[in-house]
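The chains carry the letters A, B and C, assigned in the order they are written, with residues numbered from 1 in each.
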Amino acid sequence: MEPTPEPNVVAERQARAAARPQDTRPQDGAESYGSGTTIFDANGISIYYGSFRAVTDVKLSIYENEITAFIGPSGCGKTTVLRSLNRMNDLVVGARVEGDVRYRGTPLYGKDVSPIAVRRKIGMVFQKPNPFPKSIYDNIAYGPRINGIRNKKRLDEIVEKSLIQAALWDEVKHRLKASALGLSGGQAQRLCIARTLAVEPDVVLMDEPCSALDPIATSAIEDLMKEIKSQYTIVIVTHNMQQATRVSDRTAFFSVLRNEESDTRTGVLVEYGQTQQIFEDPHDPRTQAYVTGRMG
Amino acid sequence: MATTPQQPAVDLREPASWRRTKNQIMTVLMVLAMLLILVPLVFVLYTVISKGAGIISGQFLTASIPPNVLPASIGGMGPAVVGTLEITGLATLMAVPLGVLGAIYLNEYGKNNLLSRFIGFFADVMTGVPSIVMGLFIFSIWTLHFGFNGVGGAFALACLMLPVVIRSSQQMLSLVPDPLREASYALGSTRSRVTLTVVLPTAIGGIVSGALLAVARAAGETAPLLFTILTVTTTNTDVFNGANTALPAQIFANASSPYTGAQARAWGAALTLIVIAFILLVVARFITARFTKVGR
Amino acid sequence: MAEFRQEFQQELDAIEARVIEMFGMLAEDLTRATDALLTGNNEVVKLLAEREKTIEELYPELESLVSRAILMQAPVASDLRFLLTVLRIVPELERSHSLVEHIARRADHFLAADLSPRTRGLVERMGELASDMWRQAIDAWYRRDASGADVLAERDEEMDELHSSLIGELASGGMSIPVTMEMTLVARFYERLGDHAVNIASRVVYLAGSQQPEEN
């Protein structure tokens, strides 16, 4: 049985739905997925590490309740762009973002925006499963606890609900007090997803969440993503193009631009569109070359 | 599955060559080196135990120190045992919290800024300062003004322990994988929360065992105590007033006297000190094994 | 740009070569069949029967090559479109060749002299038009030219007009009933051949995709 969300959460979502702007999504004859509300609007962002420009001039909009995949060769900046969406890049010394990126209309890098508050709304799942060296229960309860929830009963509910959402409940319900380090790779990654969901974020960013997992664990995670996308917006970076075709509604292809003079490499967004279009009929020859495996 | 009968035999043996000979020579050299290392270790332990074991008793550990001329059967090293515990304990209380906090600053907050590089550099320099210099330093700034007392000795030992605690704690903190920190940040933690709830619990085993090693080393220091606490023959439980004594200082004093009784007591004190260090090491090992959560 | 997946590219090239081979046989045989029909040349009938066999062998071979490539190489984008298109047009090629063979077989049944001059003229024009359309279809395929579909759709209207003219001529009863019946079938075959050419050209639209030409 699915625990119903808290009344205040429901109210918040309804308020959000009422406040939705008009659908600004380009109607390119494609079928509709989510609500059509944009979650992120990046308008020409460039990301620097010190003086090195890692990504340049990225323009894209990410839509609510959709799964958006970022694909591209190594060094194309897809992870960098992903991490700029919840200000994880702030943790890297010397990293800075130029240009306008909005989250639900609010500039993410605005003057009085706290990265802490941003990350509570926009969660992240990492490449390698990184459960805390604590019990399964404490891993899930970690986020709610830092948000000030101390009530044992309330925490129990959140833990159960999050683990159910992450399709892990049945496997771990009898050993919630056991160390999370004893879980298999796939279970640990689902635990990390459950941990992220426990703080009820608005967006879940995933940085190659299946690259360390076997195919069965991978498909469990993929099913899970499709399961939860009705409640969350998901952005996933993946090296596995088949994965992008399987799970995502939209795909953004990033590539590397080499500057021969200064011998530097900069990531650029080459093409962004419906996943089927990107993989069946890409408009840009570079996308074509990449997805068909003709170019690294 | 049977192999095809007419397969030519494949020679998978290592070819006789200079490489093989070199391998044998190096193996012999390594075994010899190991035996050489064992000689002083075993010899020291054997001598101390054979000469000190006979004198150790409940009375030896508690009774006052008699005049040097008296035979070994009379009196003991009580004041020195108490003094060592007092002074080392006090030094630990000073050096460990300070060192751990300093290491947290260096690793979690300072991250390569000018101040932290400065502190790190001087921690390394302090490791290289001879302990007698540290004793003279405390003598000049403390003992000259406040007279001989346990606190002065504790200050000297704390100064010796501090760099060791800082460096070993910092090493342990730097072993905490960044993905764990990122996981916590991604849930909306502040830096202090990340440090308190993820980094410290993960590194605590290593920090404690590093601190205990520093304590064991400090407990055996003689030189800094010579100028700061002197030696006394009766137990002084007040570390703030009056001269005190400690096992290493007492060993030095007794061993340099011509009386066999005093010398026998020095051997006993040496064995006591070794046992104390041994106990601390075992505890350190136990704590490391029990609480190390880094990695799997 | 470094070329990866060379083995896959070779497989694709091999498939393309076989498709072109089928196209070639078809265009060649279509002209021959019309010629045989109008001149009553029996030799051609045997030749075309041979070709029909070759094509019937080529057809499953191509299909298995394509399904193997899809299975082993997980193609996407232009590769996927190419393989899917091959799967869709090969049956059309195979059927079209059967039609050509059927046309040629009519050369056996009666003397070309039995045809009325107008019938003969119309059949000749249909044959030429069908050959033309097929040449254009092949051309569009070879050049991945999406514009061929429109051109062929227009020409197909011409074909339909010729077809109704011929049916009208046959219905006027100027020839013996067996000849009229055979010629009705022949008219139908040409008309179908035109349709297949149009189908293939419209498949090329999908095959060509919407990729912008490379700028540098």
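List of remarks:
The definition used in the following text is that contacts are C-beta pairs under 8 Å (C-beta built on N, C-alpha and C of every residue); 3 or more make two chains touch, one makes a residue touch a chain.
Because the structure is a prediction, the values reported are computed rather than measured.
Arrangement of the chains shown, judged by which pairs touch: a linear chain-to-chain path with two open ends.
Using the mean of the Cα atoms as each chain's centre, the chain most removed from subunit B is C. Each of A-B and A-C has its own count of C-beta contacts, and the greater count is at A-B. Subunit B and subunit C have Cα centroids lying 90 Å from one another. Separation between the centroids of subunit A and subunit B, computed from CA atoms only, is 47 Å. Computed centre separation for the pair subunit A/subunit C is 50 angstrom, with centres defined by C-alpha atoms. Remark: subunit A residues 241-242, 245, 279-285, 287-289, 291-296 touch subunit C in the complex. If you check the complex, the residues on subunit A that touch subunit B are 86, 88, 91, 93, 116-117, 119-120, 123-124, 126, 128, 130-134, 142-143, 146-147, 181, 192, 195-196, 199. Taken in their complex, subunit B has these residues touching subunit A: 111-112, 177, 179-190, 193, 197-198, 201-202, 293-294, 296. Those residues of subunit C that touch subunit A in the shared complex are 1-5, 8, 74-81, 209-214.
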